[in-house]
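Below: a set of structures, written as structure tokens.
Two complexes, one shared chain (subunit A), two partners (subunit B, subunit C).
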Partner chain A sequence: MEKRHIEEHFYKILMMLSAAVVVASLGLILATVFIKGLPALKLDMLIKTPQGGYYIGKGGGILNAIVGSLVLGLGATFLALLVSLPVVFYLHLYLRRNSKRAVAVRFFLDVLWGIPSIVYGAFGFTIMMFFGLPASLLAGIITVALLIIPIMSRSMDEVMRMIPFELTETCFALGSTRWETATKVIFRQALPGIVTAILIAFGRGIGDAASVLFTAGFTDSLPYSLFKPVATLPLAIFFQLGTPFPEVQDRGYASALVATMIVLFISIISRFLSKRFTKNIVK
Partner chain B sequence: MNIRILKDRIAERASFVLCACVVSFAFLMGLSLYCRARPVLAAVGLKAVLFSTFWHPSQSQFGLLSFIVGTLWVTAIAMAIAVPLSIMTAVYLSEYCTRRTQEFFKPIIDLLAGISPVIYGFWGLAAVVPLVRDHLMPFCSRHMPFFPFKSDNYTGFSALTGGIVLAVMVFPVIIAIVGEVLKTVPASIKEASFALGATRWQTIRRVVLRKAGVGIIAAIMLGLSRAFGETIAVLMVAGCALGIMPKSIFDPAYPLPALIANTYGEMMSIPLYDAAVLLAAFILLVVTAVFNIVGWSILLRVEREIQY
Partner chain C sequence: MLYKTHISVKDLNVWYGEHRALKDITVNIPDKKITAIIGPSGCGKTTLLKSFNRLLELEDGVRVNGNVLVDGEDINDPKIEVTRIRRKMGLLSQKPQVLPMCIYDNVAYGLRLHGLTDKKALNNIVRHHLEQAGLWDEVKDRLHSSASKLSIGQQQRLCLARGLAIEPEIILGDEPTSALDPFSAEHIERRFLELKKSYTIVLVTHILRQAKRLADHVIFLYMGELIEHGPARQFFEDPKNAKTKAYINGQFIEANNDGAR
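After this line comes the complex of A and B, so read on.
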């Protein structure tokens, strides 16, 4: 066999191996979570709030963290949606697609996407100090919303880029304003993608721990006020794994399983929904 | 004026304002962190903060050097693992695989990107720490007792552990961006190379990688900035012992983001402490922003090139 053919096989096998490593690492993570978490998962954990001394091995569950994360995630996603949707419409209808301004806004969003979440957390903390706000659900929602705005708007932006420009032109030709085109035509056409973007952002929002560490605080009770601290699932996992007690660590494993299930659930739902909302789409 | 047009105008103004807010927010973040960090710069000085290893907040000693070095170790290890693996995976996916295999890989990459950092940390605790403690560390200290492997830290919580976990977190970033970059390589130049009798690998090495080279560098920079700022997962597995300057991949490392996350409870208790911690956040912001700005500028250039 020629040398270059040997080389070809060598590198092909090398590349296959590296792809296998990537797949295997995901498999290993999921396997670890399930193997460690499944035996430790009990119904009590899901339906009870922590009782006194939970973190040294007393009874209770992580309902406070699950509910807290969902409330915080929903609030942040809603807030981020309020900003992202107009921004994306502005980029696509009010500006020409590749105008300088549109490119600049996209560039800033990309850069903001790359800023680590701990920096968002520290920034949220400085805002809180400025306004004299304590660690609270509200501060957490605002910080996480800031964190997921770039993610949400860039994902929506990519979807809108796929929409043929002829569709917009058709609307303009029929005499509709840009606002009407945006809300009545483009929005529907992009709906599956928008739903996916929202779910991605939601998943990122409830999964992040570093940004809520400063801003949302932690508590043992269910969230009941915007101005009180709120527990979040990632932090609950972090604290439980950080204790030296094996039974508490076991609960940490179970909580990790819960968090992973939520992420898996979201990714399955987003696949399912993006097929569902295609009713109004012009192909 | 017609009410419809009025609505349209209002919507235009409102969404413009929102856009401006998002853009100015990037500057606001830098500005507010800088303002908060200024007291420590005024009291101690930038040089003393960056190049001193003494971190004793109670004595107003805020040397960040050992944390910066810790960040560099962990990031370097992560990139050494992640860069070759993810570039080869991305090349394999885009050059050798069928559409169906690519469709199979897409949710895997998405899921890797979507899993919470805490879960990565958990995986590190449960799987990578024992691996390093029971296998890699004894093996290396027996057979390779020299510079980057020599250490007396037998706990398994080390820069290497953090690096391995970070590498997996960086995979999806680099794979996705390199995949996008490889899509921009025109099929015609690949076909020209095949027509001249080159094998697939020869085409990849001499044509595709050369054409996509700049974009791949951008992808590496973006992956690097992700690894640089990752907090919780590293905090859980990298050891984070104060006052240790890591000299080996098996030494514990205490990266900057972990420092910020670890001190949130106590930093208001000592004067200047909060300023020093927020200065660390400001440094992180500047470094990641620079990497991102350069990386995305390169990618913007690559994208423009195809349009014309």
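After this line comes the complex of A and C, so read on.
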């Protein structure tokens, strides 16, 4: 065989192997979580909060963590959205494409994206100390919002980059202000991507343990106040897996299954929603 | 001057970074005539067109100096409200760019922007302009379906309707027929000939025959310089400049690009 053909085959196989790694990782993770978690997953776990002695194997469930994570995730996502949308509108409609300021903002977002979440946790903790705020739902929401702002903004940014410049130009030519262009046209065109970005950020937010470790604390009760600690799924998993009791560890896997299902569910919804919003999109 | 002037360009220079795209352009665009801007690709045709409604300033590293007067008003004056200037001009771009909304809303967009909310009035104006664009019969049953589902030719006619709905004084066309099928292209050309009774039309084109068919006045640019301009008949039949002569005869351009197609 010719050298070129060998080359072609070699790289093709390499690419297929890489793709296989991706598929297999998801498959194996799901399989592990299912095999280890499913037998331990009882209805009680989903509808009860931990009773006394839950962590040594007595009755109860992780409803506190499920509800806590959802509330915290929703709050943080909402807060992050309030920051991310203006940032991307600013980047795309008020700044020129490659202006120094736009380049700087993108660079900072990328750096923020790369910062480990434990650092966000520590930073959040310092800020809390400064304001005398205890570990609480509010502190958790703020910290997780900071963690997911770069993810959300940069995902939206990439979506907006795909929008043809001519569309923006057309809006201006019709006499729109920048704000009108952003909200009446660009937002619509980018909506499917914006929805996806929001859900990706939400998924990241409810799955992160390190950022909420010091800031949100943990509690066995359901969240009822912004200023009280709140339980989260990642920490519930961590605590249960950390006990020496096999039946509690199994519940840890069951909790991991719940967390994974929530994220999986969100991904599926995001696909579904972005399809629905493509109706009027200009291709 | 034979004509009344609508847009008056004085010593206009445009730089993209280090590249000087327009060099000391001074020219008058006559009122209620079709003015064609011709020249090979990259000669600054579109740049000149976009300098009229200040779309250039959206791009990176653009510097404009010199004056563009529309109705005697310097549009680059910092005190000018740019949306008011742009509203005076409807733009048709090379590739029709519909808005991500339904057909009806595409035409109504500009009207709503400028404060019209009365439903009945909107309906009437939208219908009127769709009829004028020869699109009404094709879309009347699906006014609320997505505009992006229309064919390219229909989209361009929709863009024309949308532009005219806000009652501009000037129509700017940036090679508006180049992406269209012959039928739609002919429709747009016919519309331009009707529209010049009430609008000033500036048309960038690289199709010489189109310029001959439509233009009353021709501006010839080459490498950012204004080589020659004048009434169409004189321009085509008795060009003064050697470069113009060569371009019209398709000599020096065809060798290196498709500009004289």
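We take it that the second predicted complex is superposed on the first by the 260 of 283 C-alpha atoms of A that agree within 3 Å, B and C clash if a C-alpha of one lies under 4 Å from a C-alpha of the other, contacts with A are read in each partner's own complex, and residues count from 1 in each chain.
What we mean here is this: a contact is a pair of C-beta atoms (placed from the backbone, for glycine too) under 8 Å apart; a residue touches a chain by one contact, two chains touch by 3 or more.
Computed from a predicted model, the values in this text were never measured in an experiment.
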Partner chain in contact with A:P39 - subunit B first, subunit C second, else both or neither: neither
First (subunit B), second (subunit C), both or neither touched by A:Q189: second
Which of subunit B and subunit C A:S267 touches, first, second, both or neither: first
Partner chain(s) touched by A:A122 [first = subunit B, second = subunit C, both, neither]: first
Contacts of A:T177 with subunit B and subunit C, given as first, second, both or neither: both
Which superposed partner A:G203 touches (first subunit B, second subunit C, both, neither): first
Touched partner set for A:A256, first subunit B, second subunit C, both or neither: first
Where subunit A meets both subunit C and subunit B, residue numbers: 98, 177, 180
Of all residues in subunit A, those that touch subunit B in their complex: 4-5, 7-8, 11-12, 14-16, 18-19, 21-23, 25-26, 28-29, 32-33, 36, 83, 86-87, 89-91, 94, 98, 103-105, 107-123, 125-127, 129-130, 146, 149-150, 153, 177-180, 182, 200, 203-204, 206-210, 213-214, 234, 237-238, 241-242, 252-253, 256, 259-260, 263-264, 266-267, 271
Subunit A-facing residues of subunit C, complex: 53, 55, 58-61, 83-84, 86-87, 89-91, 93, 95, 97-102, 109-110, 113-114, 146-148, 159, 162-163, 166, 172
List of subunit B residues in touch with subunit A within their complex: 4-5, 7-8, 11-12, 14-16, 18-19, 21-23, 25-26, 29, 32-33, 35-36, 84-86, 88-89, 91-93, 96, 105, 107-112, 114-123, 125-127, 168, 171, 175, 199-202, 204, 222, 225-226, 228-232, 236, 257, 260-261, 264, 277-278, 281, 284-285, 288-289, 291-293, 295-297, 300, 307
Subunit C contact footprint on subunit A (complex, rising order): 96-99, 164-177, 180, 184-185, 188-189, 279-283
